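In what comes next, chain A is part of two complexes: it sits with chain B in the first one and with chain C in the second one.
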Partner chain A sequence: METNRNSNIIKLKQNLKYRNILIDAFPLLGLIIIILFFTIITSGNLLTLNNLKIILNQMFLYLIGGLGSVYLYAQGGIDVSMASNIGFSAILGVRIMYQHVGIGIIATLLIGSSIGLLMGIIYAYAGIPVFIQGLAMDFLLKGTLYPLSGFKASIPVPDRLLKFDNKYFAWIFLLIIFIFIFFTYNFSRFGKECRSIGAGEIASIQSGIKVKKNKVLAFFISGLTCGIVAVYTLIRTGSASQSTGLGFNFNVMLSLVLGGCVLGGGNGVKVRNAVIGAVTFVVLQNGLVLCGASARAQDIVKGILFVLMIVFTSKMYERKV
Partner chain B sequence: MEPRTVLKIENISKSFTLTRAVHDFSFELCSGTIHGLIGENGSGKSTLASIIAGILEPDSGKMFLNNNLYNPKSAYDASEKKVTMVVQEVGTIDGISVASNIFLNKESQFQKLGLINFKKMYKAAEQVLDELGIKHILPNELTSGLNFEDRKLVEIAKALVSKPEILIIDETSNALSSKARKILYEIIETVKTSGGSVLFITHDLNELVDICDLVTIMRDGEYVETLEGSEMDISVMKKLMVGREIYDEYYRKDAILNNANQKNKRPILRASKLFSPELRDISFELYQGEILGIGGLSESGMHELGQLLFGLEKPDSGSVEVYVPEKQEMSLIKNSADAVNKGMGYMSKNRDRESLILELSIKENICLPYLRHFERLGLVSKKREEDHSINLCEQFSIKMESIDQYCNQLSGGNKQKVVFAKWIGCDSDIFIMDCPTRGIDVGVKENIYNLMMELKLEGKSIVMISEELTEIIGMSDRVLILKNGGISVEVKRESNLTEQYLIEYMI
Partner chain C sequence: MKKSLLTKIVALLLLSIMVLGIAACGSSKKTEDAKDTKEEKAEKTEKEKVEEEKVEEEKVEDNKDSISEKEDDSSNGSGELKAFKLGMMDPGAWNATSGPLYAQMELAAETLNVELVYAGYDTNSAEGHIAAVQNLISSGVDAIILLNGPLIHGIIPQIAEICDEAEVYWSLSWTKLIEGNNDYNAAVNSDYFVSTTYENDVYSANWCTSILGEKGVKNIAEIGFEAGNATGDMRDQGIQEGLEEYDMILLGEERDITLTMSSDGGKTIMERFINSYPEMDGLIIAGMSQFVLSGVVSAMEANGVEDKISLSCIDFHEFQTDYLKSGILDGIIGGHVVGPFYSLILIANIMNGTPLTEDKVIVEDKFIELSSHEDALIWDEYGNTGNIYSSDEIEQMMVVNNPDYTIDDFMKMIEDYSLEDIVSRAEGN
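Let's turn to the complex of A and B:
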C-alpha cells in the first residue's frame, strides 16, 4: 500500500508540475490566441508589415511604463497618478525646453521622479491606502495642468527636440532598461526585498528589511519612468496638452495584468509580465481599431478583460502557491 | 442521563494535493462528555475538526449526527445544525463590533423592517459576555482594537450563542492566559452539563488530563487509540502520539545554575528604564550565554517587551542597547533593521504572519535577513543563497521537497524550524523568542529545546518569552516575571523552583 501511495504522489507531483507550467504559460497562450483571433477577423491585416511597425511603435511606451512599475507592483503597490504625473512633467518640461532643450529633458525627468519621491514618502510614512493616495495625487496634478499650460489647449514642442526622435536610439535605450530591470529585479537585494514586502510586510520588517526605504525607492523609480514616458510622448506627439499621458496608468495596469501580473504583489509579479503584457495589450488595441471598434467600445472590452484577468490570475496564483 | 452517541464518523478521508491529512478515520462523540483529541503537528487533528465543523469537505466517508446523515455544506450550515468550532487562529472579523461578531449570521433576531436594532444587539451581547464573566470587553467596541486573547474570548462567546450540541475547540487554550482559560473551562463545563459534547484539541497534556473524560489519539491522519479515565496517562499518550518512547524530561538537565560559569561574563543587551503604554520601568541586562525566561500573563506586557527589545516598537522613554563587538561598546537599537545588523533575531508569537512569509519559498525566507552577504557586484549570488539554505535545512532536518517549496505547505513544527534556520543562518548573537514552542508538538519541541541549549553553549544569548511556566522553569538561567507591565520578581535557576511560586508573582 505504501508503494502504491508513493507512486500516487509521484503522479500527483507530475500533474502539479504540468499544471504550474500551464499556469505560467497562460499569458503567452492568451497572446497567441489574441493574435490568431485578430489575424483571422481582420483577414490578415493585423500582420502586414506596415501594421507590425505601428504595433511596435505603440508598444514602446507601455513597455517602459510596465518595466518601471514592476518594483512597485511587487510590493503590492500601485501608482494611479502615473497619467497626471506624465502630463504634469511634460507640460512643465516643454516650457523649460523653450529655454534649453537638454536642460528641459533633464528637468522633465527630475519633475517626474520628484513626484514619485513625494508619492513614495507618503506611501511609506503616512500609512494610507496606496490607491487612495494615488487618486488624490491624480486629482491634484490634473487640476494644475490647464493653468500650467498657460490656459492653452496645447503647447507645441520646440523643433530642436524633434531631432531626438531616433528609432534606433529609442530601442537600444529600451533594451538597456530591460536588461537592467531584468537583472536588478530578479537578482538584486532590492528586487528580492520588494517581493518579500509584497508577500508579507510585517514579516519583512521583522526580518530587518528597511521597508520604508524600499517603498520610497520603488515609487521613485515609477516616477522616473513617468518622466521618461513624458519625454518620449513629447518627442512623438510634438506637443504637450492636458491630455498628454491620459489613461496611461490604466493601460499600464491592464497590460501588466494581461501579462499575468498578480496585483497583490510578491512572487506573482515578474518582469515578463510587463513584456508579454505590453505586446498583448497593444495587439488587442490595434486589433480592435482594425475591426473598426470605437474608442468607447474599446474601453468596454478593456474593462471586461481587466476584471476577468484579475480574477483569473489571482485564483491561479493561489492554486500555484 | 445515559450518554448517547451524538456524532458518528465513519471512514473519513481527506487529502490535500500532496499530503494525506486524514485517512480512514472513524470514531464516536457521546453526549455529556468532553472528548480530547491529540496528535503531533500535522497528524490531521485540525483537518478532522474542520471537516466536522463544515469548513472542509471530506474526500470520502460518512458522518451521522443523531443518527441522521450529516453532510454540512459550510460552517454556517454546520452551526445551523448546532455544531460550532473555535478555530486555532483568529476567527473573528476585525472591522466590526464585538456584538456583531458574537451574533454573526444571527442578526435577524434583532431585525425590524430590514434594519438591525443595534442597541438591542449590544444589550444581548453584554448579557452573553456577563454570563461568561468577561467584564473587560465592551459589546460596541471594534474587534480590531482587541488583543489576540480577547478576540479568542469573543469567538468563544460567539460559539456559545448558538447553543452548540457539539463544540469543537482547536488549540485555543495555548493562546490564553490562566484567567481566560478558566472562562473557557467553565464554558466547556456548561456545554457538557447541558448534554452537549465538546471536542477539545490541545497540545497541553496536563490540561487535557484535567478536563477531558476521554481522549482519542491520532497519528499520521489515522486513528490510534481512545483512552478513558484513568488510562489517560501522560507518558502513555505521548508514546501513542509519537509512536516511540519520549522521556518526560526534555528540558535541559543541569538543574542548578553553575555560578562559576556565569562570572566574568559581560552584559550583551541592556534595557534601561523602559516605559510604554504596556510597560513601566523595565530595566534588566542579558548576559552572554544566558537564557533569560520572561513569564507572565499574556496581558502583562511581555509580548510588547519582546517587540520593544527588537526595535519594532518605540518606547515612550528608556533605551535598549546591545554590545557591538566591532566597536567594543554598547550601542542603541533604533529599529528592526538596526537590530538585525547588530546581531539580533526575533521570533514572533504569530509565526504565520510575522516570522515567516508563507508565500515565499523556504530558501527566500531563510536568506531574507542575510541577503547583503550574498551580494556580488550588486547582485545576489544564487549559488551562495542555495548553499546557505541547503546547509541550514540539512542541519535542522526540515521535512521538505526542496528549498524552493513554499512555506505554506509546511507543518507548524517545520515552519518554526525554518524560522530558527533563518536567524541562526544570520549568525545572530541575541535571540528574542516569543513563545517559541507555541502550537508545536512534543517531538519538535524537544528539538527546539536542544537547539536552545546548543546556542547557549556557543555563547549566544536568548530571551525566551513564554506563557508556559514549565518551559520557563525548565530552560531558563534566570527568570523575570512581569505583572501589569512591571517586573514583579527575578529568580535564578534552581532545582526547587515551582510553578506555584512564580504564579504568586503573576497574579
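Let's turn to the complex of A and C:
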C-alpha cells in the first residue's frame, strides 16, 4: 500500500516535471513552428544568408529593448514612455554630437537613464499607477520633441557617428549586455527581488525587500536601455526626428509576449522571453512579407498570434506547479 | 489532466504541421518563381547585363519595326511586357483617400504584368521604414515605391544605400525633396532612384482658405497635423497666406493626433470649438479628413450650426458627395492618389528596357478640387472605381507598346491631371 502510494507520488512528480518543461518550451516550439512554416512557404528564402542577416539586424533593437525591460516586467511594471524617451534622447543627443561625437553618445545614454530614474522616483514614491505615469511622461516628452528638433522634420547625424556602424561591434556589445542581464536577473539579489515584487508586492515589503529602491533601479535600467536604443537608431537611420523610436514600447511588449512573458510579472518573466520573442517577432514580420501576404492578411495573422500567445502563456502559467 | 494537456499540445503541433503542409502546397509555385527571380539576379554578371541590354535594345528596335509595319497592332498594344515584382508600402486601411490609390495601382499592375507585394510597417517610425524596405528586398522585389513622405525625411540616405546595394529601383511618393539637403542629394546620387512625386501643400491649404474667404468667412478654426510634420507645416503656411489675403482670424487649432485620427475625435474637437468660439463661422480640416469629417459634421448638425459655419477640407471622404449636396461642406481638395501610379509607369518602362528618361523625375502630383455636388459625382464615377487611367491608356504609356510615347507626353499627362482631364479622357477626347 505504502509502496504503491510512493510510486504514485514519484509518477506524479515526473509528470509534473514534463508538463512544466513543455510549458516552458512552448514559446520556443512556437518559434520553431513559425520558422518551419515560413521556410516551407517561401521555399527556403527565409533561411538564405542574406535574409538571415536582415533578420539579425532587425531584431537587434528588440533584443536590447526586451533585455533592458525584464526587470520592470518582472515587477509587473511597464514603461509606455519608452518611445518618447528614445526620441527625446536621440534629438538632444544628436545636437550634442555636433560638438563632440563621443560626448554626444555618453550624453544620449545619460539623458535616457535620467528620464528612467525620474520615472522610477515618481513611480516609487508618488504611488501613481505605472501606466498613467508612463502616459503622462510620454505626452510631456512628445511635446518637447518639435522645439528640441529646432522646428525641423529631422536632424541628420554628424558623418562621424556613421563610422560606428559596425555590426560585429554591435553584436559583441549585445552579447555583453545579455551575459550581464542573464546573471544579474537570475542569480543576483536584485533580480530575485524584482521577481518577488511581481509575485506579491505586499509580501515583499513584509519580507524586508526594499521595494521602492528596486522600482527606481528597474526604471533606471529601462531608461538606460532607451539611451542605448537611441544611439543605435541614430547610427542606423542617420537622423533624429519626432518619429524616432515611435511605437518601440509596444513592439517590445509584443515581442516579450511572443517570447512567453507573463505580463503580470513574477517568476513568469525570464530573460529567454526577450530573446525568443525578438526572434519570433522579426521572423514573423519578415516572413509575412517574404511570402507575399497582403497587408490586411499580415495584420490578421499577427493579431491572432498575439491573442493566442497571451491566452496560452497565462493559462499555462496558471497550470504550472 | 496532465495527460489531457499533453494530448492537446501534441494535437496542436500536428494540426499546425498539417496546416503548414496544405499552405505550402498551395503557394509553392509563386515562391519558387520568386526564388528563381532572386537567384537569377544574384547570378547576373556584368557581362550578362551588357548582353541583356543589347537584347533589350534589339527588342525595342524589333518592336518599333513591327509596330511601324503593323499599325493596327500597335494601337492595340502588341508589345510583350516583362513580368516583375514591385514592393510597396501599405497605404493603410481602405478609405476615400487610399482606396483609389489601391484601385489604380492594382489595375496598373494587372495590365503591366506586375506582381504587387505590400509591406505593412507597424509603427510608422524611421526604423520601421528601413525594416520594411529590407523585408521587401528580401522577398525578391525588383523595385520599391515608398509612401508617407513626411515620416521618412532623414532616412532617405539609408534607403538609397540599401536599394543601391541590392540593385533595386526605388521611388518616393508624397515626398518633397528640397534641393541641396541630405535627402535630395542621396536620392539624385543613387543609381537606382527613379522618381518622387509630391503634392503642393501650400496650394491645397490656400485653396481651402480661399473657399471660405470667398464666402465672407472671417473667424476660422483649424484641425491639422501635429506640430513638426513637414506636410502640416506647409499647409499652415498656405492657411496663413489665405488668412492675410481675406483678412480672416484663426481663433483656435487642434493637432492632437489622438483626436485627429478618428470620427469620434472629430466630433469632440468640433464640440469644443463650438462651445469655445461662438463667433466661429468657418472650419478648415487641413488633412486626414477621411478620419474626422463625419464626426465634425455630426457635431455641427447636433448643435444646429450647419448654416452658420462653413467648412472646407483636404483629403477626400467617402460621404463627401452627400455633404456637398446638402451644402454642409463647401469644398474639398484631394485625389492626389496617382503619384505611386506615375512611379510605376516610369519603373515599368525601365524594367522593359525602355526608360522614358535617364534623369531622376521629381514632379508635382496635382490635386482634384471638388466644390459642387456635380464635381463629386464625377469623382465617384471615375476616381473611386480605379479608372482614373484606364487599362488601354496604361498600355499606351509603355514604350514597348507605343514607341512614340516620350517623357514629354508623360509629364504633360501629370500636368493635365484634373477633373476635366479625367472626364475628357474617359469620353475619348
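What we mean here is this: the second predicted complex is superposed on the first by the 297 of 321 C-alpha atoms of A that agree within 3 Å, B and C clash if a C-alpha of one lies under 4 Å from a C-alpha of the other, contacts with A are read in each partner's own complex, and residues count from 1 in each chain.
One rule holds for everything that comes next: a residue touches a chain if its C-beta (ideal position, glycine included) is under 8 Å from a C-beta of that chain, and two chains touch if they have at least 3 such contacts.
Here the structure is a predicted model, which is why all the values come from computation and not from measurement.
In this overlay on chain A, chain B fits alongside chain C without clashing. In the superposition on chain A, contact is made by A:S188 with chain B only, not with chain C. Of the two partner chains placed by superposition, only chain B is touched by A:Q206; chain C is not. In the overlay built on the shared chain, the residue A:G266 is in contact with chain B alone; chain C does not reach it. Put chain B and chain C next to each other and count what each touches on chain A; the higher total goes to C. When the shared chain is aligned, no partner comes close enough to touch A:I111: not chain B, not chain C.
Applying the stated contact rule after C-alpha superposition, one finds that A:L61 touches chain C and leaves chain B untouched. Superposing both complexes on chain A places the Cα centres of chain B and chain C at an angle of 130° as seen from the Cα centre of chain A, in steps of 10.
Of the two partner chains placed by the overlay, chain B and chain C both lie in contact with A:L16. Applying the stated contact rule after C-alpha superposition, one finds that A:T42 touches chain C and leaves chain B untouched. Taking all C-alpha atoms of chain B against all those of chain C in the superposed arrangement, the shortest distance found is 8 Å.
Chain A residues 16 lie at the interface with chain B in one structure and with chain C in the other.
Of all residues in chain A, only 5, 9, 12-13, 16, 183-184, 187-189, 192-193, 195-196, 199-200, 202-210, 266-267, 321 touch chain B in the complex they form. By the touch rule above, chain C contacts chain A in their complex via residues 2-3, 5-6, 9, 13, 16-17, 20-21, 23-24, 27-28, 30-32, 34-35, 38, 90, 115, 117-120, 122-128, 130-132, 134-140, 150-151, 153-155, 157-158, 182, 226-230, 233. Partner chain C is touched in their complex by these residues of chain A: 15-16, 18-19, 22, 26, 29, 33, 36-37, 40-45, 48, 50-51, 54, 57-58, 61, 145-146, 149, 151-156, 233, 236-248, 250-251, 285-286, 289-292, 294-295, 298-299, 319.
Listing the residues of chain B that touch chain A in their complex gives 17-18, 20, 310, 312, 336-341, 346, 348, 353-360, 364, 368-369, 371-372, 375, 378-380, 382, 406, 408, 422.
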